[in-house]
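Given below, in the form of structure tokens, are the structures.
One chain, subunit A, links the two complexes that follow: it is found with subunit B in the first and with subunit C in the second.
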Partner chain A sequence: MRLNDCDPGFKHEVAAEPGGAGIRACFACAACSARCPVGANRPAYDPRRIIRLTLLGRREEVLASPLIWLCSSCYSCGEVCPQQVRFTEVLTAIKNIAAREGHAPPSAKITAELLAKQGRLLEVTDFENDKRSGLGLPPVQQRPEDFQAILGLKPSEGEAGEEPR
Partner chain B sequence: MKALLFLGCTVPVRNLNYELSARKVCEVLGVELVDDQSLACCGYPLKGTDQAHALTIAARALAQARAHGLPLVALCSACAGTLAEAEHHLAHHPEAAKRVNAELAPLGLEYAPGVRVTHLVRYLLEDVGLEAIRAKMTRDLSEFTFAPHYGCHYLKPAEIIGGPDDPEAPTSMGELIEATGAKVDNYPRLKDCCGGGVLGADEDLAGSLAGAKLAELNAREVTAMVLVCPFCNVMYEGQQKAIAKRMETKFKVPVVYLTQVLGLGLGLTPDELGFKLNRAKPKALLAAFKS
Partner chain C sequence: MTNAQLDTPVLILGGGVAGLAAAVDLARRGVAATLIEREPRLGGRASQFCCKATEACARCGACRLGELLAQAAQLPQITIYTAALAVAAQPQNDGWQVDLAPQPGGEIGPGAGRPLRERTTLNTQAVILAVGGGAFNPAGKTRFGHGRVQGVFSALELEAMLSQGALGPDGLAPAKVAFIQCVGSRDASLGRLWCSRVCCGYALRMGRVIRKLLPDSEVTFFHMDVQDYGRAWEDELPLMRHQMRFVRAMPGEVTAGDGGPQVTYALAGEQAQKEGFDLVVLSVGLGPPNGASALGELFGAAKDDDGFLTADGGPAGVFVAGAAAGPRSLNESIVHAGLAASAAAVRVASLTEARHG
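Then we have the complex of A and B:
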């Protein structure tokens, strides 16, 4: 690794994102890595390593890594961290930067489009409401207007039930 | 006692047994759950890639709860956690509150700090209370043993959820199960994550996280595993067969919701509690309730 290839500003960029400031406090004890259930099943996923690479400024290596999308967001690392790094939040900050640069998995775009189309993740049709009413449950509705306004997205065209493009 | 019910996206479509049993149990315990059709997504699904918009969506729900003047009570642990985190973040970051309010103003909503967000199970414990719940029990379940799965977002981050559990030694679900007379199995893998958070990114990884707990419970002869979150249900009930197949084994771990167990103790019938919709059925339990 050549230091000249590193981006010393990357850690500041992460720290400036909401939830990212904790990265400044890490003293590399690896309590997070020891407690991580994902790392226990997939040793390549190592919270301390992601933090060190970020602090070193390995910007592209971190943002383009498929590993950053493997956090199960169980928050176990945060409970054992003696420095209150809050790694789940730090990684959310890193993933948000990665997403803005086109590294998000395709499901991310679909999620936003589903919310703009339905106002909820899962579609509600007469079928669902008939089932609910058969059990004596009140109907639920799709009211996507607020979500379209917040996300600045118009729902895409398409048949009901079809995945938006 | 009155609370605003936050159903979220998954429960009212995929987990009607959870919703039904939660509503019935609240009715018996004298808790009025208020519905608001305009409540929908909590914002959690967007957090990983776009936390600014996720926060605005959560703030929208908080603003709606404030307009009702009621505590916001969720059935899904991810919804409860996301909304509690948003309330905590916005209450401590006035500049973030200012930004979301600029985005909420055109919708006729305004966020202000002070909305109480909680999970239904914690609401039952803290507002109804263990003594009052115990006093309403009419049916003894002492012949059964249940294995609670607390899940992650029900307990953590502890600094935001604020108790009553210690996330490294949780007891609240066990206390409620014991209120029915039933026994609690605090098995070695009690605190394991279900893996649901990575199901979309890596199915094998998610399956190995859930599979270790299923294998352990399969060998322990519990009446059922008990859940309080629809995401955990996706893994332990919905994916149970697929996970067993991948591990080249077979599981028979019955899966129920805590509100279904409480409901049986409170004298409700399996039909009233939606047990017909359970796919990994607790056969021993249901056999005892055949009329």
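Then we have the complex of A and C:
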């Protein structure tokens, strides 16, 4: 590794993102790595390693890595962390930067498009609403507009606000 | 019934190394002091500690207690009561009036001091709080299994086991021992941000004692980084790295396995793994004294941000010595007690001068 290839500003960039500030407190104790269920199945996935690479300024290596998208958001790492780093949030900050730079994997894009189109991941159909009305509950509305604003995404032509078929 | 009356220039609360060192220091300056210890016997934590010498003295400080007890017993300026508790305190013009109550269990043991027999009212010009610190209760870190998983002990329990000779070829003979560091220290999730300063040192010294008692045993030291402040440490640490396995990772948890406790940890660049041990020792840290708030009420003693007692910003004539004021080793507590003793002596001298002048 050459120091010249490192970006010393990367850690500050991550810390400035919402949820990213916790990275400042990490002292690399590896308790998170010991408890992470994803790491238990995919050895290459190691929260402590992602933090160290970020602190070292390995910007491209981190942002382009497919590993950062594997987190299951189970928060086990946060539970054992002695420093309240909140790694799940730190990783979200890293993923937000990665997504802005076009590194989001196809699955993340599909997820975003589903949200923009349906306002939720699961499409609400007559099946769900019939069940709800049987229980005396009001039907669920698709309200994708909020997510479209948050994601800065427009669903493809003709599909916006379409009634469930 | 009226209380017995007693006048003393300096009252010292606590008969651990710090309280004893303050008393000895004052006596050598010609200032008389009364020391009260809540428990039936003197010594504080150090009385539970084993000698950690292997080939040579490990400078653990435990035998300083014996020296101090012997010195205190010889100095006529020092009066010691065991099984004595301060139950009320009133600030006076130039000092404090303190009510002492005898505690159960006071027997006359060997060495300095005798149990307090009756309620006593004591007038003093200065008070030194040398009540020691609390050791972290490892049950508060549930994931390390203390009290749940067989074979998990706190370092205090190991100290007692070693000093009673419970470990060795004829007793408990664990083949694999793990120490987990920083339990109850440097932990924002517990609100305990400080390094306890003594636990890396005591763990490595005890690890080395175990290796000497049981040469076939293997000792693993799970840590974040090694902190020790002792003399010659930089020479000893490289040697210790050959005698024990240093693993730079904090375990995720300790669970019950077939043959004993299992430790889950992740090495850099490797998948998290479970490893079985015969004995897992939790290196508990030091904290504020358990009765800090009671003493705060009695003497109006101030506390720092972490909850340790401090003389700064507190009432006049109240001083703090030893581990009550922050994490300290035995030797550091003794030095710190000397500072408190000199501050108390200065106050006594100036009050005496004012009275006669």
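Quick note on the criterion: the second predicted complex is superposed on the first by the 134 of 165 C-alpha atoms of A that agree within 3 Å, B and C clash if a C-alpha of one lies under 4 Å from a C-alpha of the other, contacts with A are read in each partner's own complex, and residues count from 1 in each chain.
We take it that a contact is a pair of C-beta atoms (placed from the backbone, for glycine too) under 8 Å apart; a residue touches a chain by one contact, two chains touch by 3 or more.
Nothing here was measured: the structure is a model prediction, and the numbers come from that model.
In the superposed model, A:11 lies in contact with neither subunit B nor subunit C.
Once the two complexes are laid over each other on the shared chain, residue contacts for A:48 go to subunit C alone; subunit B is not touched. In the overlay built on the shared chain, the residue A:117 is in contact with neither subunit B nor subunit C. Looking at the shared chain after the overlay, A:59 reaches neither subunit B nor subunit C.
More residues of subunit A are touched by B (comparison of subunit B with subunit C). On subunit A, the surface touched by subunit B in one complex and the surface touched by subunit C in the other have no residue in common.
For subunit A in complex with subunit C, the touching residues are 25, 27-36, 39-40, 43, 46, 48-49, 80-84. On subunit A, the positions that touch subunit B within their shared complex are 18-19, 37-38, 41-42, 69-76, 78-79, 86, 88, 92-93, 95-96, 99, 104-105, 107-108, 111-112, 115, 119-124, 128, 131-132, 135-143, 146-147, 149-151.
Remark: subunit C residues 143, 182, 186-190, 224-225, 248-253, 264-272 touch subunit A in the complex. Residue ranges on subunit B touching subunit A, taken from their complex, read 7, 9-10, 12-14, 16, 19-20, 23, 35, 37-38, 40-41, 45-53, 55-57, 60, 89, 93, 96, 103, 106-107, 152-153, 156-158, 167-168, 191-193, 195-198, 200-202, 205-206, 208-209, 274.
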